[in-house]
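Next up: some structures, all given as structure tokens.
Next come two complexes, and both contain chain A; in the first it sits with chain B, in the second with chain C.
Let's look at the complex of A and B:
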């Protein structure tokens, strides 16, 4: 105690010093959110709409009462899962854009439980397992391509999204088609539907599936050896390799975990969203769930807990966006522009961080090259 | 001075009272599916009809578009929950399940749905169109035109495979068959076979797919292509225009056949020979009117060829005039092009022998008096039966 400061005060300072860096991301997000809201307001004002009325409608529609809150959570449910797909791979040092295609796979696999009968609980579990397996299987191919042929995952996952899209079109229209209603697949039977959690809303028990998966991923990444290896390989592949970490194993693990999540996302949509419980031709209820998940991951700082919060926010934007149309008369296109601006603003801090991270890594690689 | 002020106050009070009454009459909401506005056909017509009714009856109107299919139910439910709307009007078959669900939750709320089959609810008016009747007329025209100009096929580009589109395909098939037979009966040509090329693109929004499908059908020798996919018609017409440019022709076959709205005026009327019109605007207008006049009732309202029903028809001159204005309002065409368009359209129609037009009228009269019955289909099985009856290879 040579400084002469009393012991307890020193400890307090220590604690504050430790807490500050943890607070920075939250402050950054808050600032980015405010900037996004202001720019969005400016655009609405230029477009001739009342920004104040629109934002009041947005936030009331999203969080004012149980109905709004449940609606927000309902839309956030699949986004939690697709965000995890992106961030698990990001933590392992890879840019996985394949959640979109894996959602299609998961949704269609979940629909197939309609072809057989089982007791209710078992039927639901079967649907979830089918969906997870389909998502993981679709994710595995780009992973194997990377490991065996060195195909970059950005290219392969983008291409696999398109393959999945048109393959899903084919399956919906020709194989899983409802014989009475050609515009959709067969519906998931009542015994395999995730029950509605809040009556009169579209929030189902799918929420628990998502949150549970997020907690499992959190535990796996931060409290197990495999998770430690995965993160180490992401932070510094060279050091991880030197430390004896099998990089092939971490690639495979991150893609499989991501695929399981995206597949589940497909299941929570077809098994959990009323009223049709089927996939429509053209996939209008699945489209963009995977891509939106990437934005959720960015805003949630690629952390499972951050993602849970970000998903609630994204779901709220969607649920509240509907009310912007109804109450403030803002057309859907303008609603999406404003939502997009807020999202971009929120994602910028994380994007800057990732950009710096990857740039430094490239620099270190280049520096090593001449030697 | 004081008197003037008093007068002014009275006048202002009067104006505001009238204004309040005007707005206080009620509210209607129109919900659109993912196709959205700007298609110059189905969705724009639904909006136009509701908007017109709102203006005529002094109602406030709210429009809600759906970003994804997951929004259908919440959108309809949010409107019903508010309890502010005298009528919630859902435009499009894909909203059927959502309307059906919410109608049970809010039995006091009136709903109307275009194209959705909800027959048994007291608070839901299902407005259906007999699209097969109008499709038979354009099919007969296309079949006769193909025979007349020596083409092997007629074409048809459809959207998502939903029962509503089966009505179109079934009627079109019947019409082609009827037209070709009729043309041979008239002794105008030695009977050549006319086949049907049709493709379900699986979309109501991807214009590029409409263009690609049309190009494929033209390459195989289609004399006319019937657009049964709303906005995809913009792509269909583009393919037909490019085909003509490549051949060095400005009009004549192959032709474009429009849908829902009258689309003959598109592209300066150079290629649009006719449209199988489905007056979604009339359906919406009448639904709002029924609520205002207190004649609203649940169940099916079926609209066909009859003038009184105002449901479906093949486009005529007056429709060109009416819908050119619709196109101008939507920013798709320029007012100054009206007379060029009219001249092009008339020249194209005059290029087809009057016997063909008379035969189309004959078919129309036959359907109206019930002597000719046009088949339809509501399921895959029924559609397959119609395809087997009129294979048109």
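Let's look at the complex of A and C:
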């Protein structure tokens, strides 16, 4: 070695260099998160709130103690699943905005197990399967519309979200309604509830369902032929086509897998949500879980492992947001404002490069010698 | 059913047509130049809110102008990200929609009324009285604009430049057209129109702001653009069709003794019609070649 650097250190440098491209996406997510929090602070400040107080309350509420941490995980549980719904289609080169409606379908399908009596274990499995089937069925129609009629999935899935919303309103008010309390559906029976994981919180075994599903998707996409084909179709549709990959099959597969995930998300909410284990009219616990999942997917860079980390962050934002509301008086909705800005920031490729560009320009302004 | 019923539905349809037509015409400009903005829903939502807010302090005209300004700002941000910064148009749009969802809900709480805010009657746009009923002046704008837009896109040099940047940005670049600047202007203009549409909803038409005031109209406008095949005059027709089904749904809901069909099913119809129409027309519609792709000079 003529450079005089010891051999082992050189090797370490080489390894760091190779790891750097893998780190860039994480760095971009981090930067986007910071941008989102800063713009959010600006909006809070304009609205007449104290942003510092708000964020301190938010992050303390989300991560400081066991209760906060468990609540964050509980909020993150369904987000992992809806994020996967978006990511699977994204990996296949499509934009599936339909998780929202599929969550409604999954949750209401899970409620219907209340009409059956089964031993506990079987009852839970039945609820999960019902929810997955409902989600997949709701996802299948936009996929078929795309394949047979060429309807763009963004338009069809959004329309399906609205249809699902009103259909869910109908089911909650007229079909699955609790005969004693008209504002909610019948409750999921005790034998079909996901047990609580941390006493005193609403974190249930649903977390394991989510993580397990994420691992299954990881295995499917990166270790099977079908998954390879799906990702190939997303990276380069033309090349995939000439390579003999059946594009119709990848569309169907990605939408069905996504629907299974979103349906499951509905199930983890309704089967793991004390105290009533039911869906209320107006769908307060279900609303926006699908949309939030898109933000989680993008911050997680559409990778199952990244999604697990991002879901902890967004789950924390949602859980800590309640503390923010109580202590700093900032409405919980602020969380979604920050989410939106984070997603917009992530749409900019090479965000890091742009950041460096502006930083250098800023520095050069100060470095310039007075003439 | 008597004729007066039909007349009243058509009359409401005319009002429901406006936001969809305005937004669709704006989006036709953007898509002709090669940008696909799915953040329209968010622009409608935010500008409905800011428009209503401004109308209360400065009157209806200020409200509409504020809505347009809001649309311009969001449209501009969208454009810069997707022209000069080569961003992903879909993801930007999704982000704008998420932001709008939170921002308006947040703003409504700041105003002190979670979920709902009524615009006082004196701040609303005064309708023009005609022999057949009172018409909002914006309806006249929405009726005239598509024809003006058609003329602009098909008969002027600027229309051709717009088309060139969407069809073949490389050729346009070689011809000395500043592709990114043209795209930026087109999409910002689209934002202005969507902003006007949003402010119209709150200031001139419904007279209130809710978390879901846009009710999917941004996406229905996108569907209208598909239906129109980038022809503004057909977008007017499309807007009217969707407006008609929306009004029909509202009308049936308010009809005494219409409990035979649950209201939720009637409320679904505009969305089902949108799907059916898009599924029906697609295939014969051709879109600009460079739609959705950032232009990167080689």
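Criterion: the second predicted complex is superposed on the first by the 310 of 371 C-alpha atoms of A that agree within 3 Å, B and C clash if a C-alpha of one lies under 4 Å from a C-alpha of the other, contacts with A are read in each partner's own complex, and residues count from 1 in each chain.
Basically, a residue touches a chain if its C-beta (ideal position, glycine included) is under 8 Å from a C-beta of that chain, and two chains touch if they have at least 3 such contacts.
Note that the coordinates shown come from a computational prediction; the quantities given were computed from them, not determined experimentally.
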| said: In the overlaid three-chain picture, which partner chain does A:228 touch, first (chain B) or second (chain C), both, or neither? | reply: neither
| note | The chain contacting more residues of chain A, comparing chain B with chain C, is C
| message | One more residue to check, A:169. First (chain B), second (chain C), both or neither? | response | both
| said: For A:181 in the superposed arrangement: first (chain B), second (chain C), both or neither? | reply: first
| task | Identify the partner contact of A:281: answer first if only chain B is touched, second if only chain C is, both if each is, neither if none is. | result | first
| said: Touch test for A:336: chain B only (first), chain C only (second), both, or neither? | reply: both
| Contacts of A:63 with chain B and chain C, given as first, second, both or neither | neither
| message | After the superposition on A, what does A:205 contact: first (chain B), second (chain C), both or neither? | response | neither
| Which partner does A:156 contact after superposing on A: first (chain B), second (chain C), both, neither? | second
| said: So chain A touches chain B in one structure and chain C in the other; where do those two contact lists coincide? | reply: 169, 173, 288, 331, 336
| said: With touch defined as at the start, can you tell me which chain B residues reach chain A in the complex? | reply: 29, 34, 36, 62-71, 73-75, 77-79, 81-82, 93-94, 97-98, 100-101, 105, 160-163, 166, 200, 202-204, 379-381
| task | Using the touch definition up top, name the residues of chain A that touch chain C in the complex. | result | 43, 47-48, 95, 97, 145, 149-152, 154-156, 158-160, 162-163, 166-167, 169-170, 173-174, 288, 291, 294-295, 298, 331, 333-349, 354
| Contact residues on chain C for chain A in the complex? | 38, 42, 77, 81-82, 85-92, 94-103, 105-107, 109-110, 114, 215-216, 219, 222-223, 226, 262, 264-265, 267-268, 271-272, 274-275, 278-280, 282-283
| note | Residue set of chain A touching chain B in the complex reads 61, 67, 71, 75, 169, 173, 177, 179-183, 200, 202, 269, 273-276, 280-282, 284-285, 287-288, 318-319, 321-323, 325-326, 329, 331-332, 336
